[in-house]
Amino acid sequence: MIETPSLVDQYCHGVLRTELGLGTFEAHLARTEGPPAPGTTFFDTQTGFAVRRWCPPLLGLEPHCPPARYLARRRELGVLETGRRLLRGSGITTYLVDTGPPGDLTGPGEMASAGEADAHEIVRLELLAEQVADTSGTAESFLANLAESVHGAAAHAVAFASVAGVRHGLALAPEPPGPGEVRGAAGRWLADRSVGGALTDPVLLRHLLWIAVASGRPLQLHAGAGESGPDTERTDPALLTGFARATAGLGTDLVLLHGYPYHRHAAQLAGAFPHVYADVGAALVRTGARAAAVLSEIMEPAPFGKLLFSSGARGLPELHVVGARLFREALARLLGTWVAEGAWSLADAQRVAEMIAAGNARRVYGLD
Amino acid sequence: MIETPSLVDQYCHGVLRTELGLGTFEAHLARTEGPPAPGTTFFDTQTGFAVRRWCPPLLGLEPHCPPARYLARRRELGVLETGRRLLRGSGITTYLVDTGPPGDLTGPGEMASAGEADAHEIVRLELLAEQVADTSGTAESFLANLAESVHGAAAHAVAFASVAGVRHGLALAPEPPGPGEVRGAAGRWLADRSVGGALTDPVLLRHLLWIAVASGRPLQLHAGAGESGPDTERTDPALLTGFARATAGLGTDLVLLHGYPYHRHAAQLAGAFPHVYADVGAALVRTGARAAAVLSEIMEPAPFGKLLFSSGARGLPELHVVGARLFREALARLLGTWVAEGAWSLADAQRVAEMIAAGNARRVYGLD
Amino acid sequence: MIETPSLVDQYCHGVLRTELGLGTFEAHLARTEGPPAPGTTFFDTQTGFAVRRWCPPLLGLEPHCPPARYLARRRELGVLETGRRLLRGSGITTYLVDTGPPGDLTGPGEMASAGEADAHEIVRLELLAEQVADTSGTAESFLANLAESVHGAAAHAVAFASVAGVRHGLALAPEPPGPGEVRGAAGRWLADRSVGGALTDPVLLRHLLWIAVASGRPLQLHAGAGESGPDTERTDPALLTGFARATAGLGTDLVLLHGYPYHRHAAQLAGAFPHVYADVGAALVRTGARAAAVLSEIMEPAPFGKLLFSSGARGLPELHVVGARLFREALARLLGTWVAEGAWSLADAQRVAEMIAAGNARRVYGLD
């Protein structure tokens, strides 16, 4: 039996602090814009079924009990106690928490305490830049403050993350933009921008990513169709080949998040470039009963030292649970089958399991 | 045991009315241009093997009997009796029939009668436009007649379908073209066109699709490499993201047909947009012994309320049989496995099976 | 039990002539630029684990023994004896050997003798053109010599192969370039070129490929991410649709190599065009324990008469072994399962296995 006693969740978010009704809970089960179609529900998804499989027993209910029953029990326990029971039941021992997304989610400290685990911060680059813009007067001061701010964040963050960079910038041009180009873009953006305005300018995004590369902290890039919402046109990680080539040998690692449905392409890139890594977790939360199959595809082209577990969870501690349970069960089943077939040795399987579950992340992020 | 007593074939064509020789029959087993390569036969395909598995018993023969034996029995029974036995043996209870393609195929009424089933018409937009062009003198009258004709068809059709739209139009520009642009394109197309000439002008195709959207009837879009022949460059349903976004919230549903080998991308879009649905059937006919595997991939990212069975069959009633049998067996095996593993409850599995087999189609197309 | 007594390796390279240390051996286990990432090894890949499964027993060791133990035994036997034992243990009965790549690899004659097998030469087009350029003075003489050289090679080669053509040429424009365009490109290339300089000019590459098409010998095109290194942007075989259409009916077969991770697209093209074939082997060497799953995907859309086994091996005879063993075991398992499920008849399965293992290659390359 393949075991993974340590589990480093290399990319997740915090959880909501408020009590949830059925509709709000349901909305967090899908990565979509807009409500479910008439006559359908997001509970009828692989994610929904996986939540109903794994979470009710942690709250003292039967697996697959009806959503309304589950939500009632959740309110009965209260959001804090629910969070504690779920996070502690997930088996995750370290959380790397993206503090970027808007909304009142718990931070790394609260995650650590609720989950009885370690936790570290991932800094979202776009948000950092928007905060700097809110307090900078001119393009010159914005650019100076931005560099300083990224540099400062690198001292405490375990990694940087970028969501918009892939879609709006890197897929179009991998090289760092020139200083004049950057100043022009900064001037135009600041002039048009009201406080809190989002950064989608391709030149500034590329500039921001290259500052992050210079910091030496691992850079997590959202690819695939996960976080990015419906913009699936420019989310194939194969589009990052140029950026991977441009950053090769600079000493900064790139971690491709959310590759599904292009997860094989992400794993392929992780196999082609020494400094590129691929996430195996977020795809599993979304594919549920298919987790072992999706994981097996990711494990085809990438060296096993280049794959990292994550839950990709956001908002609901149920998603941390589902991410961890699906991963562990899928990995144990898959590697167990390969051992039974004689394709792998048991010692290799156990060793690879521990690498993907925790060891690779410890090495890449310098944990311990 | 998961069961699906009702089966709505949400996209198929009629069957040939003439007796078939071995060569003509074989030609309908593949979606290709040109004959099989020297030394090969289309019987040696997943589709060919699936036909030989499921159809001979319906005509009183052993499964996997040689093609020549099967064709002899077919001629012995005659095309009408063969069609009746096969269609009635398929288990399909409602056919939605695309009456667009050229060739002497049976229409919805004949399909209903031969198959002892319900049947409804799907109107092919390109054909409708070509018929309008054949009888319209000027660009102005063509455009006026076109709008009227689509509007009229919407009164009796259960859906519209478009084959060329994806390849020639939507992948390039999702928005509706302006009136001047449309008039210019119509003038040029009519001037160059002889009677029966095909509509491939990108501007007119986009105009046509937007008229159909305005009608409110579900719009079926051929994506993937199925119907479209060898034009695989522009058939990835991910290219429809822009059109999906442009039509969101207008009240018209889009149904993506033939997604294979991009079926995960189609299912992903169905998950990202409330008004987008994905077909699960046509891919199965073409992949035969792999049907459960392909179906399982489609069932990863899409909510289960967004998936619709079809056979995608054309010309041979054998393809309706194969589509239905492969789907039913694949679905029962897949969901049965998930139930056995504890990933799904049996009640959920039975409910989801009925949704994909018939319930979702009834809701989307307003059947009953 | 499905058996394949003959095995034609339709695309491979020779093996290294020198004794190998652990590092050199490891470097040949991956298709990547640069060393493994710090803290990782290419032995921890599907290919590495497959080598450790299949090869130690052929040298008298236990499966999965440590790499250092295996390398020590290899040196003990010597490179010649190791090569003989491995190649003779692979089960391959005919090698088609690409003699193009740089480096001191054994040629077809040595492969035949070491492996007690037949062997034939595949001529790499780019290398041929570079050799012609090294000895041609003017653009005119270069172009005349090039045509003569390709024509001459066609007399003894079983096939032509092109690596750069897909990436730099065909994906951008499928048609043959005009004579003036070719003369201009040749003049510019020769003027800038030092002896041995690589051919990457898109116009000359397309010209070269069209000369090869005119020769009538099968043309092997590298697609997918295999040989091509990290240039994954333009390696989707779907990009060859235009070239396939342009060469249809000319009497020359195209064979798509290395389709992974786009292997379904390659198989799809093989299904759409009578003269297009797809390789099933190289993907298996890279995916190891997943070989049956990857093979099953390739066997979805292509007629079974259009699929060809290869090892895609280069440098290490271990890779020929792994390619052959993985293929045989995956095929037997897959087809055996389909027979057990009733989806295929045993006679069909045995027949299809022999076609993919050897019969299709014999027909396409005119062996015997």
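Letters are used for the chains, namely A, B and C, taken in the order the chains are written, and counting of residues starts over at 1 for each.
By definition in this document, a residue touches a chain if its C-beta (ideal position, glycine included) is under 8 Å from a C-beta of that chain, and two chains touch if they have at least 3 such contacts.
It should be emphasised that the depicted structure is a prediction, and the values quoted were computed from it without experimental measurement.
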**Message:** Under the over-half criterion for shared residue numbers, do copies subunit A and subunit C use the same patch or different patches to meet?
**Reply:** different
**Item:** Angle, in degrees to the nearest 5, of the Cα rotation that carries subunit A onto subunit B
**Value:** 120
**Message:** With centres defined as the mean C-alpha position, give me the subunit A-subunit C separation in Å.
**Reply:** 37
**Complete:** Multi-chain contacts in subunit C, i.e. residues touching at least two other chains, fall at none
**Residues of subunit B that touch subunit C when the two form their complex** = 30-42, 44-46, 49-50, 52-53, 63-64, 225, 229-233, 260-261, 286-290, 293-294
**Asked** Where on subunit B does subunit A make contact in their complex?
**Response** 238-239, 241-242, 244-245, 248-249, 264-265, 268-269, 271-275, 296-297, 299-306, 338, 341-345, 348, 352, 355, 363
